[in-house]
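Everything below concerns the one structure shown next.
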Amino acid sequence: MTSSSPAYVEGATVLSQERLTEDVYRLTVATTTGGTPGQFYMLRAWEREPLLARPISVHNVEEDIVSFLYQVRGRGTELLARLEQGGKVALSGPLGHGFRTEGLRGRIAIVTGGIGIAPMFCLARTLPPGDVTVIAGFRSHPYAVAQLVDLSVDVRVTTEDGCNGTRGFCTAIFDPHVYDTVVTCGPMPMMARVAHLCAEAGVPCQASLEAHMACGVGACLVCSCPTVLGNKLVCADGPVFDAAEVIWHA
Amino acid sequence: MTSSSPAYVEGATVLSQERLTEDVYRLTVATTTGGTPGQFYMLRAWEREPLLARPISVHNVEEDIVSFLYQVRGRGTELLARLEQGGKVALSGPLGHGFRTEGLRGRIAIVTGGIGIAPMFCLARTLPPGDVTVIAGFRSHPYAVAQLVDLSVDVRVTTEDGCNGTRGFCTAIFDPHVYDTVVTCGPMPMMARVAHLCAEAGVPCQASLEAHMACGVGACLVCSCPTVLGNKLVCADGPVFDAAEVIWHA
Amino acid sequence: MLETTLCGVTLKNPVIAASGTFGFGAEYSQLFDVGRLGGICTKGLTLHPREGNPGLRVWETPAGMMNSVGLQNPGIPVFLERELPRMRTLGTAIIANVGGGDLEEYIEGVRLLSNADGVDIVELNISCPNVHEGGMAFGINSEVAAGVVGAVRRVCSKPLMVKLSPNAEDITAMAIACEQAGADAVSLVNTFKALAIDIHARKAVFDNVTAGLSGPCIKPIALRMVWEVARAVHIPVVGIGGIATWQDALEFIMAGATAVQVGTATFVKPTTMLEIIDGLERYCANEHLTSLATVCNILGTVPKL
Amino acid sequence: MLETTLCGVTLKNPVIAASGTFGFGAEYSQLFDVGRLGGICTKGLTLHPREGNPGLRVWETPAGMMNSVGLQNPGIPVFLERELPRMRTLGTAIIANVGGGDLEEYIEGVRLLSNADGVDIVELNISCPNVHEGGMAFGINSEVAAGVVGAVRRVCSKPLMVKLSPNAEDITAMAIACEQAGADAVSLVNTFKALAIDIHARKAVFDNVTAGLSGPCIKPIALRMVWEVARAVHIPVVGIGGIATWQDALEFIMAGATAVQVGTATFVKPTTMLEIIDGLERYCANEHLTSLATVCNILGTVPKL
């Protein structure tokens, strides 16, 4: 999981496609391109429509594989989900700046909402397990949690329908004061809330943002997000930002 | 094989897809929409591209199936060829005016080039076998011939590479004088030649024409072909025309 | 819920078959119940019969198609005698689309159509890119267009809808000019002038070199034009261009269209217009709208010009 | 075989990265050898830095995409200091694309670029549909455009290429006006002004309401415009709009383009331009062409205007 220089691979082979819940899948691809936690790839597994590739975070990396955890949202992810073992996928990556792991010290909270859990497995692997608490919120059935538990990480689950763990949002059981650093990924309103709580508590927080992308490499400027330092690019300056820099609710 | 009124069927089920040669397939679909020899269907088995459905002749009809014989030419036929048993295809048909079988009397020659043989199986089935000679030209390996032989039809094959039957074009072994009526389907230059030979010999000839189509029902006028009676529509006035009417080489 | 009034004519719903893509209605009635449509625009008619263009007439492009039909039609007298009576049995509004090679032909053609029982609206096509001598020539410059519309208006006792070209120099100015010259409505857009080249033959795919582009590919531009025009005129606007789903149709309505026309999408799937009607119906029900007029022209944050 | 001269500048090949889609070249050099390209057009530069537009900036459409970046750039002085030196190491021609809010900004911007070592060509963008105060305003009317081009010409010692908008009232007249005002070349097209509506939110997708459409969907229209312009002017024409394959590029060349620019297709597949170069190379070899000029502007059946 050392940082490697990005590449475009036209036909990477699908090693496996696992369906974890109704709409969440794990795709494992043979590629040596690697990546660090929080980095992402642009994926494309169709011929014409949709036009653009889709950004998906690195979920796990081994020497010669990269895996992705993703939720079917629209046409692009639906087509990704149709990939079968042996199929081909075009990918560019690893791209962007991931989590600043040098800044992750002391008691670390990883707060995620839904598919925001995707980049956290490879992150948690790099951290001392005893120091890490994952607070993961889901609408309903949780996913990708068992593998974190296997790392001996402390995992607390919330579900909106109460089918598992605490009923409610993950932010309800997240108290920033008991942590030294926080990492978050999930829907914007959730991350905004986490960022707000952390700011109040004076705890540093890194947030992995999303934006619609075209190039993924910083060339087209469509993925900008407003920060206190001006517009930044989610793909090239991020996707991970210091939450205090981001202008939430812009 | 009686004439039936056309219908649009959004998801007809594929019963079988057989590959006959490298690029020729037979697709059999469950539908009760029927059709007469020389009629065609507009087929579509993909979501967006190409935009338009593709016209394919009725190859054979039973009570609740229709089959098609087709050659992969471009994207549309390539996608048709990807259909598997159980898959779905959208079809409109049967469309157009087929062969005027009431005009097929005496000794009948069916002269085809390449995939032009497609509509001839269901035609030959309706004719008295002893009266029918099929002269079928192919570039290389013949296809869809055995089933005609099974009908006890006299079949003569030519191949351009000489791998089977007489080497050369089918028109080289076609003498119109020994027939009372002629039916032809194949590449335009070949049909033009057949039409010319028939005209010289004073033998009536019916030709099944091709044109790029959009609607297939006579609504858009893109499939016009010049005839001595003015522009006619291949989809609605044809695809089968009296060869003497057609202005070949327009 | 979907009933729509378009320049005084009541349509069952705002979904109309676009000219040149639906023949005279009977063709598609083989495949579905065309009586459910809000209306049908006839194939472009001219006073005199026309053979249309020679050579290839259709070509596919990414998410679109080009056509070069060139106003092939039997002429208005034959239409009135042979096609109109049959159209009148279809149970939907009849919009006669009329083109012309010169001003005289337009005037004479409209006069005949205007006197015909059963024609509900006359749609004046000043925007066909596929005829050399005319048609689009009238649809580029606003003053020229106003001249034709004014002249035709004088002989037209039916509601007069003018169909605009996206190739116009300034489509908003064009719409205003048509309104001032007496148009009761405008419909837009016709096809975009486009080119395809056969690299093997080293020549244009079409004998006429250029041809008209239609289909989903043009929708974003057509929608922008409809929005611009709807803000600028006070007559109804009928939206056309790449509409393939009820969501597309609703976008045009939200941009200010009173009704929509669907062309190319019918080739893709013959029942497209029925699905659009059903979808709009469901939308109204779900959103508790008594009429689509509620959501018409709602990008109103920007003031009317 | 592919070597191409564009207003006196020798390009390795006629395939250029389009402005705004390729940053300053270094971004994509992560993914492929950008030194193989014929040239790179910089992101649109303005004298003063710009933050670009707020809100969503990209939206997909059938076979295309809309963008509303709005000339976000660090300003020409910062470009010259920070980006140009790095660009010069890439080993390909550098075309500085320059926009502006008013005439003064254009003139001052071009003056700075014109004096910079390493800028091979200045591409004057009078056609950006995404900036309120300017840009496209200059690209609609030929006389207005001629005014800007003339003024800029006087301060520009580099070859001056003017980038035209497909939203121009009359793109042929526009090209002629630019030629007469001193342009050394024209490039076309920029993006088409287009609209997308979020039917759930009942408002435009983009804060600016309209945005610029690019990608394969626009190719047939862009190709027609290139053909029309190439017949009308005597300066080189650079073709842009939806080019995604070598066959597309060849169509533009056959329509009269000396070179082509590729934008959106690079997002679809980063190595698109390399494939286009390889494809053109193979084509020339197969057809025994010593230069693509042989097949440039071969729809010549129609006489030059």
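As written, the chain order gives the labels A, B, C and D, with residue 1 at the start of each chain.
Assume a residue touches a chain if its C-beta (ideal position, glycine included) is under 8 Å from a C-beta of that chain, and two chains touch if they have at least 3 such contacts.
Given the structure is predicted, the values throughout are model-derived calculations rather than measurements.
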Taking each chain's C-alpha mean as its centre, the one farthest from chain C: A
Which of A-D and A-B has more C-beta pairs touching across its chains: A-D
Distance from chain C to chain B - Cα centre to Cα centre, in angstrom: 36
Intercentroid distance (Cα basis), chain D paired with chain C, Å: 33
Between chain B and chain A, distance of the C-alpha-averaged centres to the nearest whole Å: 55
Contacts with 2+ other chains: residues of chain C: 62-64, 215-216
Multi-chain contact residues (two or more partners), chain A: 48-49
Parts of chain D lying in touch with chain C, wherever the complex brings them together: 61-64, 66, 169-170, 192-197, 199, 202-204, 209-210, 213, 215-221, 223-224, 227, 242, 247, 250-251, 254-255, 295, 298-299, 301-302
For the chain D and chain A complex, residues of the former touching the latter: 20-23, 27-28, 30-32, 43, 51-52, 54, 56-60, 62-65, 67, 69, 72, 215-216, 264, 266-271
Contacting residues of chain B [partner chain C, same complex]: 5-8, 10, 44, 48-53, 90, 92, 212-215, 217-224, 226, 230-231, 236, 250
In the complex, chain A residues that touch chain B: 47-49
